[in-house]
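Letters A, B, C and D mark the chains as written, and numbering starts fresh at 1 in each.
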Amino acid sequence: MFNKILIANRGEIAVRVIRACREMGIGTVAVYSEADRAALHVRLADEAYLIGPAPSPQSYLKIDRIIETARLAGATAIHPGYGFLSENAEFAMRCEEEGLIFIGPSSHAIRAVGGKTSGRRLASQAGVPVVPGTTRDLTDLEVVQAVREIGLPIVIKASAGGGGKGMRIVSTEAMLASAIRATRSEASAAFGNAAIYVERYVGAARHIEIQVMADTRGNVVYLGERECSLQRRHQKVIEESPSPFVDPELRRRMGEAAVKVARAADYTNAGTMEFLVDPSKNFYFLEMNTRLQVEHPITEMVTGLDLVKEQIRIAAGEVLSVRQDEIRLRGHAIECRIYAEDPFNNFMPSPGRIRALRTPGGPGLRIESAIYEGCDVPIHYDPLISKLVVWGRDRGEAIARVRRALAEYVILGVKTNIPFHRKVLDLSQFVTSQINTEFLESWLAKGLSPENGAFAEIALIAGALYLHTRKRPTPTPVAQSGQVDSSWKLAARQDGLRRR
Amino acid sequence: MFNKILIANRGEIAVRVIRACREMGIGTVAVYSEADRAALHVRLADEAYLIGPAPSPQSYLKIDRIIETARLAGATAIHPGYGFLSENAEFAMRCEEEGLIFIGPSSHAIRAVGGKTSGRRLASQAGVPVVPGTTRDLTDLEVVQAVREIGLPIVIKASAGGGGKGMRIVSTEAMLASAIRATRSEASAAFGNAAIYVERYVGAARHIEIQVMADTRGNVVYLGERECSLQRRHQKVIEESPSPFVDPELRRRMGEAAVKVARAADYTNAGTMEFLVDPSKNFYFLEMNTRLQVEHPITEMVTGLDLVKEQIRIAAGEVLSVRQDEIRLRGHAIECRIYAEDPFNNFMPSPGRIRALRTPGGPGLRIESAIYEGCDVPIHYDPLISKLVVWGRDRGEAIARVRRALAEYVILGVKTNIPFHRKVLDLSQFVTSQINTEFLESWLAKGLSPENGAFAEIALIAGALYLHTRKRPTPTPVAQSGQVDSSWKLAARQDGLRRR
Amino acid sequence: MIYSADLQGTNHKLAVKGTGSPVPVEVNGHTYEVDFSAADGSLLSLLVMGRSYDADVVEEEEGVLAVWVEGETYRIEYQEEGRRPRRSTGATGHSVSGRQVITAPMPGKVAALLVSPAQEVGAGQGVIVIEAMKMENELKASRPGVIKEIMVQEGAAVGGGDVLIVIE
Amino acid sequence: MIYSADLQGTNHKLAVKGTGSPVPVEVNGHTYEVDFSAADGSLLSLLVMGRSYDADVVEEEEGVLAVWVEGETYRIEYQEEGRRPRRSTGATGHSVSGRQVITAPMPGKVAALLVSPAQEVGAGQGVIVIEAMKMENELKASRPGVIKEIMVQEGAAVGGGDVLIVIE
């Protein structure tokens, strides 16, 4: 086993990996940018090194600097988290060359299955259905041809795309030419690569993904699915596992398909196959994410496995700790992604300082967060500041629990999408899970208005008292020193609390 | 189902019950003493009413006042939590008379099995082994006789005892007379009742208890065991479930014995049978606690059940939500009771104001607490301020996790026993579970010294910098406004974080 | 102490009639007896007619409070009786005149300009796109007008509060 | 700034040689380059030779700090160079002389007096029992002496810090 791991990431995922290492007795090395000197991942790590200015291309994306830091600190393995360099085949290869263990798949596997078109090719070769479309980059003319074959509506996608950028839905011939131009220019601007391909547009489908885990001895398992259809701007907002839409039979079929693709790619470590599932339960391979997902905790809560520890063990050459037939799903888990953004102002990002923070407590909660009272949420990185994950004995309890927890969660100083989550969780379409990837957008199109003001009058009073008491001494109750209970002993008997 | 429940308690258990009610959509009524105006249970409840001065006999133990408050607020049921009135048969009876639902067993069942001697009688009648001894109150002469029959060493116990008070171990004839006098006087002073009885003293035994749950339709189940041998002054410090000492066969035998006793008492709702288990796995019924236990969360974490919700459903006349054959234990749970006390000064209580509070996060943690930054820990009540409960896939992971969590837990302003927990968790006897009810005391007898100072030099520096920077502006990094990443788009591609 | 409070464009009159707790508080002519407790920092607990309310308050800028109550957060601008009004806040600030000043709601970069000088714009029409935290954010005109001034270029870095566009 | 710090009876000399971060800090003659960051309130982050230390500091009474570092809490009494010493703290405080003053470590009630005036007591001998938070707590003499004065009776309520017994 490794004695020191460098975490090439920041935010909640870096903290998540550090905690797993601590529980495994492995030393941790954090890297940070100038904007992150006081970040929680720096505080919690055993060692921390500055790797550059705030912009990620000059810090968290600097391969040479990170590898050099691993050397300097004597770390023998690197965990990339998600985002940043996690799916970067070159980074994985550099680690391999430098004799550092990249905690993830081989650079070869990333190349084989990580790319959008290469993944589609591999899947269809493995006999797994993919969304009808092309499996390679196209010229404008080829696009027109492809559209004739596939039929409208279609999506033009940037081969190098991601983050919901570089895609255009085309529903009429007339739109085609301009859509091609627009996508190419956006793609070259956003990803420095104008390559595009075409897929049939599957509209009212669900986005459901399968978690796979593969060791270096050829063992591959699937760990159930995650329902990820609730998206805004193609970005996941609320995920749950299991999916209310998936029955055991569909789970098995999708799981086995995912394992097939993983085997075809000689895949190792944690990976996720994204599928589109249509109302009649046909599923189509979309793409594979060759790293840990943001929403991995919901899979951990229903399977009882710690995926990060599993990743580390696999990278150290150990055998998978479970066989497929040992995997049982228990209960139901839901994750709400809490972003620093203003849901009532077009989800405008809201960087700044956390002025007040109170995290919910009690049964069935898990909070994956990198914020603390007094910390800053910088403008330079993703606005994900916390993941509220709950477990319930069944979906009903999980929903009730996440609502309860959101009502306890206080984050002031920056605006958050907590009110948005609370509204979504109350929607009958969510409760009955009558959703697809378009649902959230179409619901949002109606517009989102701030709190209806159930507590407006109380808020007005609280604010006034806050200002009022700042000027005067406040009545803060204190344990009455000296004044002591005259019947301790009676109380002692009836309490006897410690005897439990 | 009830639409409003009054919680006749304070502290973490009141908060625990309020949260369960919220998840069930049931309104909550808190009661509070003058010392608890700002307590968390008051904040979280829908309604809150002052019921008297700080001393519990004038507030949390005032039956009339509490029942009157339930009436006033329109609550139809009362949850007593643990301690205070939770095992008070008179209170249960008053509720019954007033047409309020007492969320717990009937006053009849409390009388039948709740008393130390009555419980022993009932158990032995039900054919469940009890620690050899008498099952009724004794005269001094009868004590001497009993000792002759049972043989030394014995324990003289106050029939009304509790909280580890009113018991004397007698190992020689010579000690007997004075021990009888001493126990009687202590008992009448502490419990207003000089009645005593005699048990054989079982020395190197473990304290293991069985959680039972019974509905009003005659269904009774046991929910595995809890290992509670780690005690100080007969008070539990660390509990775990399952017990490393208990095999499936012993679990079944103890479970069935517990169910027998519950049936014999016509018991309903949640209850716990405490057993002594000797090294050769003979078990002896000790007593039954006719209410929820402090350590109930570890049972919830391994069974997946919410015991408080189950209690409420049962009280509302619903059928148990699980059958015995559906109960599966998954993984391992450990609870550390965090007290406001100074482990390095003879565990002196440490009331006061919480000045800094940072609770651990990440996978497998559950924090049941009623403190917040700026709140006061009053002198009038039990010093339990938080329960840190962890779940792990196996005992090894649970231990690693609770160590990790304790190292993250910051509570300043009052002294806590966190350092004590950290030392105990490192003991080889704990790791291998070579423990019994005497282990902790005998280990403590060697004396406990403060932190050995692994970080003493850093602490000295941190303190100096704290004082230093109070006088000068502090370098707090802030998100560099204006200075904006010149290659957002590149970053956007490589992050694409929201697309996960 | 008497306060004028602005919540989502509606003005409310408040009077805190005394000190200590409980204290009578008048809101829009209706008086409540408020039993309250304030811990160190931002936490407040209110009891009004038996109902318990958990609140958390921080001052975002002078006189502008973010008030969290039972899971809902309100942004309220307070003025003490007899103090001169402060400018209101929000992504798009307007002065009393027909003039609209579009300011950057957060530090970021101008991803796109959607209008040109002298162009007419309708209410809710997007005028500029600011990129921050890996997201593009379109700022809209709150009511019809004509683009008077554009103070930034595409690609320019902007700080929070910077004036971007003036509409008349 | 130069400090004298008392930790568990041992005295340490500290010198913070400058302002801002990183700053050289001398401890008992050894100087470290300390990169530190202080958030609002009590949180500190220290980087010393690449090692990261998470710290949390509160002042329990003037000059006496509770310093949490990586899970361990230290109580340290600081004196700035050239200030007059403060009285030391702890359950049983002693002055420089052979005199011992037993004070109540917390508010509570005198459950039992274990000694009488003029009685000789040995080091570690229990002299009084205070009851608080449902527990009895025995206070001990830290070294041998003779009971000079007993200021309280059994059953009496005492406040934190009250003088209970004087030993000489």
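Just so it is clear, a residue touches a chain if its C-beta (ideal position, glycine included) is under 8 Å from a C-beta of that chain, and two chains touch if they have at least 3 such contacts.
All values derive from a computational prediction rather than experimental measurement.
Asker: Sort out for me whether A-D or B-D is joined by the greater number of C-beta contact pairs.
Answerer: Most C-beta pairs in contact, of the two: B-D.
Asker: Between chain A and chain C, what distance separates the C-alpha centroids? Give it in angstrom.
Answerer: Roughly 31 Å separates the two chain centres.
Asker: So how far apart, in whole Å, are chain A and chain D when each is placed at the average of its C-alpha atoms?
Answerer: The separation of the two C-alpha centroids amounts to 46 Å.
Asker: Just curious, how far off is chain B from chain A if you go by their C-alpha centres, in Å?
Answerer: Their C-alpha centroids are separated by 36 Å.
Asker: Would you give the residues of chain C that are in contact with at least 2 other chains, written as numbers and ranges?
Answerer: Answer for chain C, listing residues that touch two or more other chains: 37, 39-41, 107-108, 132, 134.
Asker: Could you list which residues of chain A touch at least two other chains?
Answerer: Residues 37-38, 44, 163, 233, 351, 353, 358, 372, 374, 379-382, 407-408, 476-477, 479-481, 483-485, 491-492, 495, 497-498 of chain A touch two or more partner chains.
Asker: Per the touch rule above, enumerate the chain pairs that touch, sorted by label.
Answerer: Here the touching chain pairs work out to A-B, A-C, A-D, B-C, B-D.
Asker: Could you list, by residue number, the parts of chain D that touch chain A in their complex?
Answerer: Residue list for chain D touching chain A: 35, 37, 39-41, 43, 45, 47, 50-52, 54, 107-109, 131-132, 134, 157-160.
Asker: Considering the complex alone, what residue numbers of chain B touch chain D?
Answerer: 163, 233, 340-342, 345-352, 355-356, 358, 379-383, 406-410, 412-413, 415, 418-419, 422, 450-451, 453-469, 471-472, 474-477
Asker: Inside the complex, what are the residues of chain A that reach chain D?
Answerer: 30, 37-38, 42-49, 73, 353, 372-375, 479-485, 488, 491-492, 495, 497-498
Asker: For the complex, which residues does chain B have touching chain A?
Answerer: 15-16, 19-20, 22-25, 34-38, 44, 54-57, 61, 82-85, 88, 160, 162-165, 189-192, 233-236, 289, 293-295, 297, 300, 304-306, 330-331, 351-353, 358-359, 361-369, 372, 374, 376-382, 384, 393, 397, 400-401, 403-404, 407-408, 476-481, 483-487, 489-500
Asker: Quick check on the complex: what are the chain D residues that touch chain B?
Answerer: Against chain B, chain D makes touches at 1, 3, 5, 7-8, 12, 14, 16, 19-21, 23, 25, 27, 32, 34, 36-42, 44, 46, 48, 53, 55-58, 60, 65-74, 76, 78, 80, 90-91, 105-108, 132-135, 137-138, 140.
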